[in-house]
Amino acid sequence: MGNDIRVSVVGAQGRMGSSVVSALAAAEGMTPALAVTADDDLGVVTPDNTDVAVEFTVPDATLGNVLKLVEQGVSVVVGTTGWDDGKLSQVRKALEKRSGPGSQSVFIAPNFAISAVLADVFAAKAAPYFTSAEVIELHHPDKLDAPSGTAIHTARAIASSRGQARCASMPDGTQGNTASRGQVVDGVHVHAVRLEGLNAHEEVLLGNAGEQLVIRADSFDRSSFMPGVLLAVRKIASGDYPGLTVGLDTFLDL
Amino acid sequence: MGNDIRVSVVGAQGRMGSSVVSALAAAEGMTPALAVTADDDLGVVTPDNTDVAVEFTVPDATLGNVLKLVEQGVSVVVGTTGWDDGKLSQVRKALEKRSGPGSQSVFIAPNFAISAVLADVFAAKAAPYFTSAEVIELHHPDKLDAPSGTAIHTARAIASSRGQARCASMPDGTQGNTASRGQVVDGVHVHAVRLEGLNAHEEVLLGNAGEQLVIRADSFDRSSFMPGVLLAVRKIASGDYPGLTVGLDTFLDL
Amino acid sequence: MGNDIRVSVVGAQGRMGSSVVSALAAAEGMTPALAVTADDDLGVVTPDNTDVAVEFTVPDATLGNVLKLVEQGVSVVVGTTGWDDGKLSQVRKALEKRSGPGSQSVFIAPNFAISAVLADVFAAKAAPYFTSAEVIELHHPDKLDAPSGTAIHTARAIASSRGQARCASMPDGTQGNTASRGQVVDGVHVHAVRLEGLNAHEEVLLGNAGEQLVIRADSFDRSSFMPGVLLAVRKIASGDYPGLTVGLDTFLDL
Amino acid sequence: MGNDIRVSVVGAQGRMGSSVVSALAAAEGMTPALAVTADDDLGVVTPDNTDVAVEFTVPDATLGNVLKLVEQGVSVVVGTTGWDDGKLSQVRKALEKRSGPGSQSVFIAPNFAISAVLADVFAAKAAPYFTSAEVIELHHPDKLDAPSGTAIHTARAIASSRGQARCASMPDGTQGNTASRGQVVDGVHVHAVRLEGLNAHEEVLLGNAGEQLVIRADSFDRSSFMPGVLLAVRKIASGDYPGLTVGLDTFLDL
C-alpha cells in the first residue's frame, strides 16, 4: 500500500467522477485520496496528499481547475470535454512555468474508451488501402449533437491519412437527392443513428472490390471509460510523460 | 420431365435474364423453353411452348411486353422495375378481359431476394413494439439513386405499422445541424452508404430501453434473386394465383 | 388513477424484482401495490389489494409462490426460470379448480425481452426459406451454462419449422476436427461466445446462394425486460387470457 | 508503357490465375507478359520477358515452380497455399545461391486480401488491452477444414501478443458441456460458421467491462485478392525486398 498511487477525484459527485471513485477503490496499486466536489476548495489538493488528480467536471470549469491544480504542483488526468487549442496552450504555459526539477504532467483525452481510441487509430491506418470509407455512429436519442465529436475526429483522421497517401477521392454515383448520404466531413460521409437502448457506438466501413473491413467500437456504459482512466493515471504517475499530453493513443503500443 | 414447368425467358441476354436461364437449367421440375432477346418477336411465346414466361428487361419495355404476353395467353413472372399504379392497372384490365375458364396470372415483384423481402416484412411487424427504428442501406458506389427503393419501402412499412398501432413519434434530441441524420421518410430516418465491394444490403435497427433488434438482409450477387424467381414460377404455374399478384411476400407463409 | 392496474411484486428486493418496482412507478395506468420479499407472508397478497402479482424469485420457490397466489385468487405474471412440463401442469390444475365466474390467469415466460422473443419467432418463420441456418449467442463470461436456454429454444424452433416444411438437411463439408463447429442442437449448429462487457445477445444467420438474412437481439441490461413485463401485466389484467399462458409471443401480433 | 512492369502468370487457367490475368490487363503500370499453364514448360519465363512472375497453382507444384523460376533469375509473387518452414528454407537457400549483383526476390503470402491481413494485425495489436477475445470465422459450406487457417493464425497472434504483455487468462465461467464454446487455439476460443451464400469472413470480438471492439474482414469473392497481388508485384518489382519475404503485412505501413 505504501507505494500505491494516491489519486484524488475532482468532480467526485458527478456521473463520471463517482464512477472513477468506485473504480479506484477496486484498482490494484492505487489508493483513493480526496474526493472533491463543486462546493469544495481545490486548494486542499496538494502533493502532500495526492500523486495524481482526476478531473471530470464541466467544460466551463475544467480549464480553471486544471490551472489551479498545476499551480499547486499536482499532476492531472482530465476527462472533461470542451478543450480547444487556446485552452491547451494555456495549460502548456502553466506547466512550463512550473518546470523545475520534477516531472509534473497534465493528460487530456477526448475519449477514454480504449475500444473507441483503437477504432479511431486503426481506421486511419487502414484507410489508404481502401477505395471507400464511411463512418456510422450510433447513440442514445438524448444526445444533443450529431454527428458525435468522435465520429468527426475519425472522419478527419481517415481523410488526413488518405491525403498523405495521395488516394483518389471516393467513388459515389449518387444523382439527385443526397439527403440520405449523411454529412460529408473532409470528404468522408458520416451517418448518425439515434436509437433508444443504445449508448455510444461507432462503425467504420472500408471497402475495396470484393472485400470489406469493418471496425466497430461499442461503449455500453460509463464503466467503459475506467480502464482508460486507470491506464492514464498509471502512465502519468510514472513520471515518463512530463508536460502536456493529449490523447489516450499516446499510451497504447500500436 | 413430362410434367416439368416449361419456362421461357424474355430478356435472356441481359444480366438478370441470363442468370435466370442458368438457374432454370439447374432447377428441378422446370424445363427451359424459349430464350427471347430484344431483337426477337414476342409472338413466338405461346401456351403451346410455355407455361410461364419470366420477364427481365428494362423499365421502358416491360409494360408492353407483359400486355403482349397476356394477350397471347401466357402467364408472366416480372422482375423488371419501374412499375407504378397506372401500369399495374393496365395489366389488371388486360387480365380481366382474358378471364375465361383458365387461370392466367401475372406476378410482379420489386425485389426477388427472399432475405430482403423477409427483412421488410419482419421490420414492419416488429416496429410497433419499439421506441425507435432507423434504416441503413448499403450499396456499391455505382448506384444512381439514394436511398434505395427497397429502403424507402421498408421505412414506409415501418411508419404505416406504427401508425396503425398509434405509436408515439420517435425520440430525437438532435439540435442544430442534422445533415448526418439521413433522409426522413414518413418519420423514419434512412441512411445510405455507398462502398466499393458491397452489392445490396439493408439493416433495420429497432430499439427499446436496454435492448435492440437488428434485421439485416445481404444480397451478395444476382444469384440471390434466383430462389425467389423459381418460387414465383412454381406458384404461378400452380394456377392458385389467377389475376395480378404483387410482392414476393404473398408466397411466404409468415 | 381509480382504474389503474394494482400490481404487487413478489421478490421485490431481488435484482429483477426491484427493477420491476421502479418500472411500475413510471408506467402509465399502473399503481404499485405490495412489495413482498422472501421474509414476508404471501398471504397478504389478495384481490382486495392486487389485480396482478409479478413474481421474480428463484427456481426453487416459484412453483410454491404461484400455487399460493392462485389459491388466494390473484392473477400472476411469472418471470422466474426453471419451469418444466410437470410444474406447468400443476399450475394448470390449480387454475382449473378455481375456475368459477372470474377469469384468473397465470402467465409464464422464459424471456421477457421483446427483441429476443421476436428474433426467436422470426428465425423460425424464415428458416424454411433458407439452405443454411446457424445460431450464435454471446454473453458475459460469468454465465454458467452454454449455450443459453434461449439459443437452444431458437435452434429447436428452426429445426421444427424446417422439419414441417420438409427442408433438406443443411450442407456442411467439414472434414476432420469439428470442435470449432459448435454444439449441434436438432441439426442446427449453435455457437456460444463469452466476452467481458457483453450482457445477453443472440444472432441467427440464414443463408441461400448469394444472400444472407441476419436477425440479432441485444439485451444490454435488465431494463430490456421491463417493456415485456408491463405488456404482460396489461394483457393479464384485461381478463382476455384466462388460465395458463406461456410465452410472450402470445401477446405479439405477428 | 516502356517502364511498365512485365508480369507473367503461372497457373493462368486456374480460378485465381485467370483472375490475376484480368486484373493485370486493367492495372496501371503493368503489362501482362506470358500466361503459363500446367502443360507449359516454365523454362520460357525468363528475365528477357518477365520482371515478376505470379504463381497461383496447387500445393504439390508450387515449391518446384518457385525453385525453377528462381534458378532462371525471375522474381516471384506466390499465392499458392501449403507452405511450411521446410519449404520456405529451400527457397531461401535457392535465393542465396543466386545472390549476385541483382536483387532477386520471392514473396509468399498465405492471404492476399488486405482486409483479412489488416484484421489479423489489428487484432493482435489490440488484444493486450482487453480482458476477453474470441474469433468467429464464417465460410461457404464447401470448405473442407474448420476452423480456417486464417482464423488459427489470428488466434495465435492474439495469444502471442497477450502472452508478451503478460495478460491474465480470459474469464470463462462455463460449467458442464462446452461443445458450443468452439475450438480453443492457444487459449483463444475459435468458432466456425458454415453458411450457404457466404464466401470467407472473419470477426474478432474483444471485450472489456462496458465496451467491445469488433474487427471484421469480409472477402466476398476472388477479386478481393487482386489489390493485394498488385501491391506485392509493385513492391517486388521495386527491388526493395531482395531475398524471401513472407506476409502481406510487410508492405503495409501500420
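Quick notes
By written order: A, B, C and D. Residues from 1 in each chain.
Criterion: a contact is a pair of C-beta atoms (placed from the backbone, for glycine too) under 8 Å apart; a residue touches a chain by one contact, two chains touch by 3 or more.
Molecules present, by chain and UniProt name: A, B, C, D = 4-hydroxy-tetrahydrodipicolinate reductase.
Given the structure is predicted, the values throughout are model-derived calculations rather than measurements.
Counted as hops between touching chains, the shortest connection from subunit B to subunit C is 1. In summary, the pair subunit A and subunit C forms a contact in which both copies contribute largely the same residue numbers, shared numbers making up over half of all those used. Chains compared, subunit C against subunit D: the Cα-based superposition rotates one onto the other by 180 degrees, nearest 5. Set side by side, B-D and A-B show the greater C-beta contact count at A-B.
Put simply, the chain farthest from subunit D by mean CA position is C. As a whole-number value, the distance joining the C-alpha centres of subunit A and subunit B reads 46 Å.
Per-chain CA centroids place subunit B at a distance of 39 Å from subunit D. Residues of subunit C in contact with two or more other chains: 130, 197, 206, 208-212, 218, 220-221, 224. Taken together, the subunit D residues at the contact with subunit A in this complex read 113-116, 118-119, 122, 125-126, 128-130, 206, 208-227, 252-254. Within the complex, the subunit B residues that touch subunit D are 197, 199, 218, 220-221, 224. Across the interface of their complex, subunit C is touched by residues 130-134, 136-138, 141-147, 151, 170-183, 189-198, 205-212 of subunit D.
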